[in-house]
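Pasting the structures here.
Shared chain: subunit A. Partners: subunit B in the first complex, subunit C in the second.
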Partner chain A sequence: MRRLLICVAVCLVQACSAQSTDISAPASVVAGDEATLSTTGSGRASFYLLGPGISRKSDVALGQAIQLHAQDLRNAGAYLAILCSDTCHRATFYVNAAKPTSLTFVVHPSRVPVKLNDAVSGVAFPFDQFHNLALRPVTVDFQLTEGNASLFSRAVRAQDGIAWFRTTSGKSAGALQVVAAIDDLSVRRVVQQVASDPCNLRIKGQRTAAGILVETEPVHDCSGNPVSDGTMVTFTATDASGKSTVDAPIKQGVARAQMTASTAAVISVASGVVMGNELRVGARP
Partner chain B sequence: MKLLLPVTLVVVTAALMVIGLTATGQAGGTVGIAAGSAMYGLTPKASTPEQALTNLLVDVRRHNWDLAFSTVSNLTASDEQSFIQDWTGSNGDLRSFSNLESFVLRPLHITNDEAQMRVHLDWTTPVGPIEDVRDFHLRREGDTWKTVWPKFQIANLPAQVIPVTYLRWDLVSGGAEDGWGSKNVDAPHVRIISMNAVEFSGGAVVMGEVVNEDTIPAFVNVNATLLDGSGNAIDDESSFDKIAHVLLPKQVTPYRIDFPTVALKDIKSVHMDVKATLVPASADPVIGVMNQKIDTDFQGRSVLTGDLLNESGQTVNVPHVIASFYDNNGKVVWVADGYVERALLPQTPAPFTVEIPRSLAAKVQNFHVTVNQYSLGRS
Partner chain C sequence: MSIAAANGLSRSSRIAPTTVMAFVLVLGLLFHANAADSTVQVQLDSKNTGPRAIESATERGIVRDYRGAWTSMAEALEFNTLDPLDGPFTGDAKRLLRDTVASQEKSGLRRKYLDQNHKLEAVFYAPEGDVIELHDTAEYQLQVLDGDKLIENERVTLHYVVLMTPSADRWMVRHMQAVSQF
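This part shows the complex of A and B:
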């Protein structure tokens, strides 16, 4: 009888102690903040914390709160807290990114011809001070300005830490300022808008002592932008002695070449896939 | 008896040395570089046109200019420098870096007093072997033959100022501390606008044209990977020097990639890959290609000829001509190239010739010439 009573008492103690030891965690924690985990029970236990970039063990007293320091919770993600005495108990919690303090902004391309559909795109990624991607929805304001004129303005709600836009390039060659902003945080990028293909390519020429000097009129694209210096213009002269070609770059808006034809010649001009006018020059007197 | 063997050996050795130093190789009508004596001062007498020309070319090969010049009939002492320059080049041109490796000569016409000889000269150069064909006129003076040297005209450009609008692209790279998302400069946009694979001399040749569609210069390289019926790679190769690597905005260059050991019938498809890198570049010099026409040369070959005209004020050391040839549908049927051995002086035309394979000559309806250039100390 005495032995039976002892057995019942031991079982009750064990049952009571098993039910009373536990650990609980807050539903969510902000990265870089301190957090408290509560425990129940009595005696000593081992506490394990596992999370992104952290793994540590410490001895704790059951029934007292476990303080997690800010440096333990800098990385956003799922954490696992384990408390082991006779048996082990666990709790999970999620550390969310803190308020965005930096914005990574990728804009493509770095150069774009004017008036090209869906040519400019940008993607913004908000990060907190611990370089955690801020997954909570935030609104990113995208602003594109061309000179002093606003080309595009849109507020985009970030999804899963990403906000993006795509738009048509502007009409004027030059710098396109692209800004992404969250509250008072903003990042600026610059896209170089360049002239498109030449439009209405025209040449004029005159005979000189050395042959024919031929040059284009100032070369513009169809929006009126001067075509970039260095763009190749091909002059072709056909006369009795054969074909002569000169690939000349545009310099200060004009391309010019010296052709050696002494007889009557037909001179044509092209740049890329664009053809210009034909010029007929008579024979040398 | 003890001395007999050493004495015999010495005598035989001496005899062989004398024969070796004085004898010349003769192989029918052709004479190679083995011809001529192996020792200065023992040059065989120029009693025949072949021997006279051989003596000249052997001395040229040895850079023995005084002896070589002495075998020329019509020049005065004041012409020796230009004679030497004709062989050694000037202005950092390709000839300046070349050596006469060998030659083969063939008589075209010989009388008692006059002779016309054709010589195939093989040069070793930094861009590979180059064959040159020259005709020489020889004349008998007494009992020896001498070469009548065509006077080499050194271009004499009048002093002048050629205005050049400086145009150049330089490149500033981002710093190492730049973070992710910070801006960098995109690579230039280049595009293969045509590609054609043909069989040539038992191998395969892949060729076409590439255009720089961007507003900045590009360093371009085209690679081709040949695939068999199972999609496995047979061979891969790059365009190497059959392309103008630096392309300015909107510039077009031909490219050619040779696969001499792969038959076209074994190729199911070709994977093309063009790589473009942003490089610093200059828009100068401008080189015109004048009087282009397809002709037949004195050897009966179809050739594209013309004159290069350097329209800028800088000397171009090594001009490189790359030509694409089109059929009547505008398809590229061949790409050929050739180096001009003389430097391009400002405003001074220099002729060039590019050979068209006999089998393709009839197909060629049109052509486009691109001039690549290498200049010392400039990029």
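This part shows the complex of A and C:
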């Protein structure tokens, strides 16, 4: 009977001590900060910390605070703290991203024709120094400039760690500077703007001993930008014997071709979907 | 029928035991792979995404690859192996998971993600289609083992912010970060 009473007493003491063991954590921590977990109870216990990039086990004294070092809490996410003596107790907490220190900025395309609607877009992601996505709303300033002229300027509030823009390309061929900035942090990208389709395509020609030499006037787009060298221009000669076609690339702003028609001919010109003027050349004298 | 069965029996009796074991092992692995896949349920809601609309083929690809990513992650963290991470993860997500596996291996811990159910919402799909942000409300049974001793066995619901980017033949998880709420 006496032994039974002792057993019951021991069991009660153990139960009481088990109930009093617990662990509690702060609701949230900023990445890279230290944190303290409090424990209750007495004796020794195994402590486990599990989170993104970390899984560790250590021996701790119950009733004393557990210090979590900054290096253990660099990665934003959910953490699980487990304390095991006779039974296991758990506490969860979140590590949130710190202040943004870098911007990932993706801009499309790398090369774009001028004056094209919704042709240039950019997406910016703010990250903290530990590569955590900064989800707190921050304002990202987007600035687009061509030469010294501002083409586009907008302050965008990042939502869910993302700020973005989309706009029409500029009027002038050349480098388009695209900048995303948060306070004193900025990232620059460059989009090459090139001439659009040719506009007012015009040709002139003259008969030579070998046939007809035709050439375009300097080829520009509708904004006056010289169309890139290498752009193909198609010359078509129609005479009594039929139709002949020559493709020639623009070189130094002008495309040239030698046609072989010996009788009177009509010569037309086109580049892509753009048609130019027609030229009538008389028969060889 | 009975002749075929008899032939089959007489044939199997001549097969080497190692061949039978290999056959059983292959069957077991196939069954295991199917079972692992079936425990990861993924639904995607793309109604409110923007600025680009998600094409149905893209939607199917994202669901397939996100399910594959969690299947692989569960395998990597249960068996402390890096191989499953090579296909579906890239960038920060892959680095963190590799660190987690290395850390688990060092401390003798393992995690099991069982009976997973993921409700995905696509919240951003970039104008050029080169990145998608998902909000995942994930529910699963989390088990933590210290050696063979089970120290945690809890049904949990967590919220993840996920960035996925397309590669040559699949969508890859580039960033995955649990948050207290969306």
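Operating definition for what follows: the second predicted complex is superposed on the first by the 268 of 285 C-alpha atoms of A that agree within 3 Å, B and C clash if a C-alpha of one lies under 4 Å from a C-alpha of the other, contacts with A are read in each partner's own complex, and residues count from 1 in each chain.
Just so we're on the same page, contacts are C-beta pairs under 8 Å (C-beta built on N, C-alpha and C of every residue); 3 or more make two chains touch, one makes a residue touch a chain.
These figures come from a predicted structure and were not determined experimentally.
Touch criterion met: A:56 reaches subunit C, while subunit B stays clear of it. By the touch criterion defined above, A:121 reaches subunit C but does not reach subunit B.
After overlaying the two complexes on the shared chain, residue contacts for A:91 are found with neither subunit B nor subunit C. In the superposition on chain A, A:106 makes contact with both subunit B and subunit C. Once the two complexes are overlaid on the shared chain, A:46 sits against subunit C while remaining clear of subunit B. By the document's definition of touching, neither partner reaches A:213: not subunit B, not subunit C.
Shared-chain residue A:166: touches subunit C; no touch with subunit B. Looking at the shared chain after the overlay, A:30 reaches neither subunit B nor subunit C.
The intersection of subunit A residues touching subunit B with those touching subunit C, taken from the two complexes, comprises 106, 108-109, 125.
Subunit C makes touch with subunit A in their complex at residues 51, 92, 95-96, 99-100, 103-104, 106-109, 111, 123-124, 126-128, 130-131, 133, 135, 142, 144, 146, 151-152, 154, 158, 161, 163, 175, 177-180, 182. Residue ranges of subunit A in contact with subunit B, taken from their complex: 104-111, 125, 187, 189-190, 194-195, 210, 228-233, 241-249, 251-252, 257-260, 271-272.
Within the complex formed with subunit A, the residues of subunit B that make contact are 165, 167, 169, 179-181, 183-186, 211, 213-217, 248-251, 283, 286-293, 306-307, 309, 311, 347, 349, 368-371. Subunit A makes touch with subunit C in their complex at residues 27-28, 46, 48, 50, 52-57, 75-78, 80, 82, 84, 88, 90, 94, 96-97, 106, 108-109, 118, 121, 123, 125, 131-133, 135, 159-162, 164, 166.
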